[in-house]
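Chain naming follows the written order as A, B, C, D, E and F, and within any one chain the residues start at number 1.
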Amino acid sequence: MISGADTAWLLVASALVMLMTPGLAFFYGGMVRSKNVLNTLFLSFIALAVITLEWVVIGYSMAFGRDIGGFIGGLNHLFLHGVGLTPSPNYASTVPVLVFMIFQMMFAIITPALISGALVERMKFSAYVWFILLWAILVYNPVCHWVWAKGGWLGKLGALDFAGGTVVHINAGISALIVALVLGKRKGYPSANFVPHNLTLTAIGAGLLWFGWFGFNAGSALGANQTAALAFVTTHIAAAAASFSWLMAEWIHVGKPSTLGAVSGLVAGLVAITPAAGFVSPIGAIFIGLGAGVICYISVLLKGKFGYDDSLDAFGVHGVGGIWGAIATGIFACHNATGLLSGNVHQFIVQVIAVAVSIVYAGFMTFVILKVIQAIIGLRVEAEEEVTGLDLTSHGETGYKLV
Amino acid sequence: MISGADTAWLLVASALVMLMTPGLAFFYGGMVRSKNVLNTLFLSFIALAVITLEWVVIGYSMAFGRDIGGFIGGLNHLFLHGVGLTPSPNYASTVPVLVFMIFQMMFAIITPALISGALVERMKFSAYVWFILLWAILVYNPVCHWVWAKGGWLGKLGALDFAGGTVVHINAGISALIVALVLGKRKGYPSANFVPHNLTLTAIGAGLLWFGWFGFNAGSALGANQTAALAFVTTHIAAAAASFSWLMAEWIHVGKPSTLGAVSGLVAGLVAITPAAGFVSPIGAIFIGLGAGVICYISVLLKGKFGYDDSLDAFGVHGVGGIWGAIATGIFACHNATGLLSGNVHQFIVQVIAVAVSIVYAGFMTFVILKVIQAIIGLRVEAEEEVTGLDLTSHGETGYKLV
Amino acid sequence: MISGADTAWLLVASALVMLMTPGLAFFYGGMVRSKNVLNTLFLSFIALAVITLEWVVIGYSMAFGRDIGGFIGGLNHLFLHGVGLTPSPNYASTVPVLVFMIFQMMFAIITPALISGALVERMKFSAYVWFILLWAILVYNPVCHWVWAKGGWLGKLGALDFAGGTVVHINAGISALIVALVLGKRKGYPSANFVPHNLTLTAIGAGLLWFGWFGFNAGSALGANQTAALAFVTTHIAAAAASFSWLMAEWIHVGKPSTLGAVSGLVAGLVAITPAAGFVSPIGAIFIGLGAGVICYISVLLKGKFGYDDSLDAFGVHGVGGIWGAIATGIFACHNATGLLSGNVHQFIVQVIAVAVSIVYAGFMTFVILKVIQAIIGLRVEAEEEVTGLDLTSHGETGYKLV
Amino acid sequence: MKKIEAVIKPFKLDDVKEALVSIGVHGMTITEVRGFGRQKGHTEVYRGAEYTVDFLPKVKIEMVVPEDLASKVAETICNAAKTGKIGDGKIFILPVEEVMRIRTGETGKDAL
Amino acid sequence: MKKIEAVIKPFKLDDVKEALVSIGVHGMTITEVRGFGRQKGHTEVYRGAEYTVDFLPKVKIEMVVPEDLASKVAETICNAAKTGKIGDGKIFILPVEEVMRIRTGETGKDAL
Amino acid sequence: MKKIEAVIKPFKLDDVKEALVSIGVHGMTITEVRGFGRQKGHTEVYRGAEYTVDFLPKVKIEMVVPEDLASKVAETICNAAKTGKIGDGKIFILPVEEVMRIRTGETGKDAL
C-alpha cells in the first residue's frame, strides 16, 4: 500500500539527490582554473541530461529488471515499460515504483559526474559524453544490479552497501584513477600553478552536497522511518567529524587549517558514511568520519608522490573514502546487521570481497571503454586548446566578464 | 481531514517554489553585464517582498475568493480573512487552507519575476515595482482565477494546466514580449557585446530552479500521492530531454554545445512540462522535452531576426515554451485526462483556446499598464544611467570588488 | 508512536536548518573584503564541524538531559547515551528521539556562527574555534535548557520562544556586541572603505537562509501539523514585510533602495518572527515584519553613532531583531497563547524578563570567555596579517583567481 | 617612434579602436585602469553608511607608432573619445627608443 | 612635462592620493599590478600541495605633471608610501613630449 | 636607465620571469592587459548569437634596468617569450630619467 509519508519523503530525497549533481558541478568548478570553469560545470550538467535519458531507455531495466543469473537485469522495463504508479513487488513497497525509479536515477546520474573530477581541464567534451554513456551502461548498471537488485550476486553474498559506497563511490573513484592514468597529466602539471580559481563556488557546492546527501543516505531507507532517522544522523555526524579530522591533519602537517580542507574533509566524511549510514550508531559514525578525514587527506598527499594527475582528487576522496567506508561498514555495523566489532568476521570479509570485485571490474571496464573511445575519436583536446582553456575552445563562451 | 503527509509535502513544495525566485534571480543575474547584476537580482527579490504582501491583502481573495461569474474571486478573503488552519471546502481538502494559500502565493511571486528577464538593464526600478504590483492584480489574479479557481471559466471549459503553463509561463512570457517592445532596446543593442558576465551564477540559478521545480510541479498534485509521483518524474525527464535537444540543436547549428545552452534547455523543458506534468506519461515527457529544447532554441534565434530586445529571452523560453507545453498537454495527456493521441480532439482545441485567450488578455493588459506607468513616472532610466549601470545609479552599490 | 509524516517533515526541516549555516557563510562572506572571504566562510563551516561533535559529546545532554533545578540538563545523555530510535517521553513524541536531537543540533550549530558576523576580518582562527566551543557549552546549552527543556526555568515561567528568538538570536546578537567591543575595530575602520566585495554571494546566502528558515520555524512545530502550517506562513510573510519596510526606510533615508537592503531586511524579518512564528496570525506577522525592517535599519545606522565595529551587524540584526521579536510575541500572540493585544499583560512581562535575563547572562559569559581566551592565546591576528588579509595569512589560500 | 597613451571612458573603447584601425594603426594594448581627476567620483551606500569612490573606471590604450603618425593618432583618439563631458580623459605622447617583435626579432618600424 | 610612475603597496593608495592632492596634483591614473622584487612572495597550500606566488599585489600610479613639479611629486609619493619595510616600491620619472585633454583638445600644461 | 615594456602571451610569463632572473634582473611589474594586433580575436556564441572579441588576454611586463643591460634584457625576453606563432607580442624600450626606491629614498642605479 502506498504511504503518503514515505512518498513525500522519497520525493524530497530524490529532489535532494538531484541537487547534488549541480552541487558537485560547483564544488568541482571552483577548483579548476577560471578558463575551464564552464567546461567543468558542464561535465556534471550533461550527466543530468544524458544519464536521465539512458536510465529511462535502458538503465533502469538493466539495473532493476528481472534478474538474469545475478549479473544483470532483463529488458522487461525498457522505456520504463511496466514502471507505474503502484508499488513494485520487489523494491520500496510503500511508494509508487516510479518514485523508486527516479530516486535510483539520481544515483545513476551523479556517479559518472563524480568521475569528471579526475579528467577536467583536458578531456574532449564529445569523448566525455560517450564515456559516461558507455560507462553507465557497462559499469554502473551491472554493479548496481549486483549490489541492490533482487537477485544480484553481491547482495546475495551479503555485501552491505546502504546508500552506494560500492555502487557509487568506489565505482566512480577507481574509474577516475584509471581515467587520470590513461588521459595523462594536464600540460604543465605539476610545475605550473594549478590552484582553485574560486573557492566560494567550491564552498557553495560543498554546502549543497552536504544538504543533498541527507536525501542520498536517509532516502536510501526508502521510507520515513527509524532507519532513515539513523542514516540522517550518522550522515551528518560523519561529515562533521571528517571535516574536523582533515583540518587537524592539515593543521599539524602544514601548520594552517584551510577552507578547502574543511570542505574536502566533509565530502570525505559523507563518502565514507554512505555505505554505512543505516547500519552504524552515531558513535560509529564519529569513528568513520574521523578516519575518513585523515585517510583521504593522506591519500590526496600521496598523489603528489605517485605523480598521476587526478586533478580534483576524485580517486583520493571518492575512491579511497568509499573503500574505507565499505570496510568500516564491515567493522561498525550494528543496526539491522553486524560487523567485526559485533564479532561478525564474515561480514568484514564479504565487504572486502565486494570492494575488490568492484575495483577490478570498474577499473578494467573503464580502461576498455577509454581505449575504444581513444581509438575512434580521441580523448584529449589539442595542446593549444588546453592552453587557451576549454570554455572558449570547446564551448565558445567564457565564465566571467566581471569588469 | 488533515493529512500529515500531504501537509509535509506541500510545505516542502512551498519552500521549494519560494527558492525558485532567488534561483531565477541568479539565473538572470549571471546573464547581464556586471554593472547591472544587482539590479537584476533585485527585480526578483523585490517580487518576493511586494507580491507576498499583495497576495495577503487582496491577491488570494481575487484568485480564490468566492467566484463571481467565472471571472474573478470575491473579496471575502481580503487580508486572509477566513483563511485558517482547517482545510478549504474547495481546494486541497487534506491540508490547512493556509498551506494552499502559501503554495499558491509562491506562484504569484515568481510569475512577474519571470517577466523581468525581458526588461533588465534599462527599466526604472520604481516603474518596475509599480508594474509588477499592477500586473499581479490585473493580470495574474484574474487568469489564475479563470484556470484554477472553482468556477473559473477556463477551468470549466476544461482547459488543462497542471502547474501553470498558462497561468504562469504564457502569461509571463507574452507580457515579457510586450514589455520588451514598449521599453525598446538597450542602448547599443545588438551591436555592442551584450554577453553574460558570470555564467557560474547562471548555473547556480539553473540548479536551484530545477530543484525548486519539483515543488512547483509535483506540489501541484496537492498531496503526496501518485499524481505527485508522476509529475515529479515527468518534470525531471522533460528537463533532461530539453537540455539534451537544445544542445544538439546548438551543436549542429553553431558547431559547439555550450553551458548556457545546457541550462537554457533545461529551463525550457521545465517550462514546457509544467502544464502537462501530472497528465502525461514519462515517455510523453521525453517528447515534450525534446520538442521544447529545439523549439525554444529556434525562437531565441528568431529574436535576432525580428530585432526586439527580449534581453534574457523571457518570451523566447517562457512564452514559447509555455505555449508548446500547453498545446502538448492537449496532445499527450493520458493520466486523469486525454489528449489528441488518445483521440480527444476537443481537449486539443480547448488548449488552443486557453492559450489564445491568455495571450490576448495578458498582452493587452500589460500594454495598458505600461502605458499608464510611462505617462506618470516613465519607464526607462536616463541614457547616462544605462551606460554607467543600474547598480550604481539606481541602488548606489556595486556587485563585485574582487581585488 | 512514530508518525511517518512527522518524521519526514522533521528530517526535511533538519536538512533545511543545516543548509542555513552554509547560507549564513555566503551571506556574511559576500559582505567582507575579498581578502577575507574564505576566512569568513570558514567561521561558519567550522561551526558545523565543531559544534556537531560538541553536541554529540555533551551538548545535547546539557540541554535536554534530566533537568537539574531548572538550570541545566544532567549528563545522562553524554555521547548520545540513550538517544535512540524510539520517541522521547518528553519531546516530540511522534518521532525517534534521534530526530529531535539532530533538529536541535542544527540550532546549536548556527547560533555561534551568527556571532561571527561581528568579529570577521580580524579574529584569530584558533581563538574563534575555542570561543565557539566554550560559548556553546557555557552559554547556548544552559539557555537552551532554560527555555526549551522540560523543567527549564524560563519555560516554566511561561516565556514563549517558538523557534529561538531568545535561545538563538538574542543570545547570539548580544554576544556579538560584546565580541565587537572586546575585539575592537578593524584597522582603518570606519575611514577606509569597508564595503561588500561580492553581493551576489550575499544574495545567494540570503536565498538559502530564507529557504532554510522554513525548516527552522515550521520545523519547530515538531510535526507536520497545523502549527507548522501557521509558522510557515507567518515566517514567509514577516520576511517579505521586513524586506519591504527596510527598503522603504532606506528609500526615504538615502534616496535609493538597495539590494543589500532587500536581503538585510528579509533576514531581519526572519529573525523577528522566529520566537513568534507559531503563536501569531499572518496579520500579526505583517506587523512584526514591518517593525523589524525599520527597527533593524535604524539600529544598524546607530552603530555609526556609537562607533563600535559590529562588522556585519550581527547585533544590529540578530540582537535587536531578536529582542523586537521576543517582545512582539508578547504583544501579538494569539494561537496556543495570548499576548498583550489579547489582554495578557503577564505574558508581555514574562517576555521582557526572558529577554533581560538572556541579555545579561549571554553578555556576561561572553565577556568572561573572551577574557580567558585573550589571556591564554590572544584574540586578534597581527596588524600585518589583518592588512594582508586572513585568507592568505591564516589559511594559506585565496578566494579568487579569476584571470 | 612614439608611444601614445590615452586614458578614455570605457564605453568609448570600440569607437576609438575602429577609428584607429581606419587610419592604419595595426596594434594596441589596453588596460582597465581607474582614474582620478576633475570628474567627481561617486558615492555608494551600504546599510546606510556612505562610501566615496574617488577612482572611476577608465580604459588606458597604449600604442607605439611611427614618428610621423603620432599626431594624427592623437587627433583621431581625441575625436573618437570625445563626449564633451568632464572625464573624457587625456592623451600623452612619449618617446620610444626601440621596438622589437617577439615572434621574428624584427626591430624598428617593421616590428610594429 | 614628466610622467611619474610609482609602484606602491595597495593599502597606501589613499594616503598617497591625499598627499598628492594636497600638493596640487589634479589627476592620476591607477592600475592594479603585480610586482616581483626583493620582497619574497608567499606560499599557498591546497590539499597539502604548495604553490609559490612570486608576484605580489601592488598598485601603479601614473601621472603626468609639469617639469618643475616632478621632483616634488616624487618626494611626496616617497614619503606617503613609505613603510620602511621591503616591498615599498619604486618611482620612475619619464619624459613626456606632449599632452592633450580629450574633452577640449587643449595641449601642453593646460591639458593637465 | 631604460624602461623595457614587453607584451607577451600570458602562459609565457613564468618562462620569461625565470630567464630574466637568471640574467640578473631583480625586479619587475606585471599587468594583465588585452591586446589587439595581427592575431585574430575569437568568437563567442551565446544562445546562437555571435559576439566577436577583438582583444586577447596578454601580460605586460615593465621593468627599469641600467642602460647597459637594456638590449640584453630585450633579447632575453624575446627568446623566452617566443612561440613563433602570431601574437607573441612586442618589446618597447623607453628612456627613463630618474628612479627612486621608496623604502630608502635611494636614487639612480642603486634604487633598482
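Everything below uses one rule, namely that a contact is a pair of C-beta atoms (placed from the backbone, for glycine too) under 8 Å apart; a residue touches a chain by one contact, two chains touch by 3 or more.
Values in this document were obtained by computation on a predicted structure and should not be read as measured data.
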If a chain touches chain B and chain E alike, it appears here: A, C, D, F
Interface sides of chain D and chain F: same vs different residues, half threshold: different
Pair sharing more residue contacts (C-beta pairs) when B-F is set against C-E: B-F
Cα-centroid distance, chain A relative to chain C, in whole angstrom: 33
Where chain C and chain D are represented by their mean Cα positions, the distance between them in whole Å: 51
Rounded Å distance between chain E and chain F, as computed from the means of their C-alpha atoms: 18
Numbers and ranges of chain C residues touching at least 2 other chains: 3-5, 8, 12, 195-196, 198, 204, 208, 254, 256, 258, 260, 396-398, 400, 402-403
Numbers and ranges of chain E residues touching at least 2 other chains: 31-32, 44-46, 94-95
Chains touching one another, given as label pairs in label order: A-B, A-C, A-E, A-F, B-C, B-D, B-F, C-D, C-E, D-E, D-F, E-F
Chain E residues touching chain C - in the complex, by the definition given at the top: 11, 14, 42-46
Touching residues (chain side chain F, partner chain D) in the complex: 2, 6-8, 31-38, 54-55, 58, 60, 71, 74, 77-78, 81-95
Of all residues in chain A, those that touch chain C in their complex: 3-6, 8-9, 12, 16, 33-34, 195-200, 203-204, 206-208, 210-211, 214-215, 218, 223-226, 228-230, 232-233, 236-237, 239-241, 243-244, 247, 254, 256-260, 262-263, 265-266, 282-283, 286, 400, 402
Residue ranges of chain C in contact with chain D within the complex: 190, 193-196, 250, 253-254, 256, 258, 260-261, 264, 297, 300-301, 304, 313
Touch list for chain C against partner chain A, complex: 2-5, 7-8, 11-12, 14-15, 18-19, 22-23, 25-26, 29, 37-39, 41-42, 45-46, 48-50, 52-53, 56, 79-80, 83, 85, 95-96, 98-99, 101-102, 105, 125, 198, 201, 204, 208, 391, 394-403
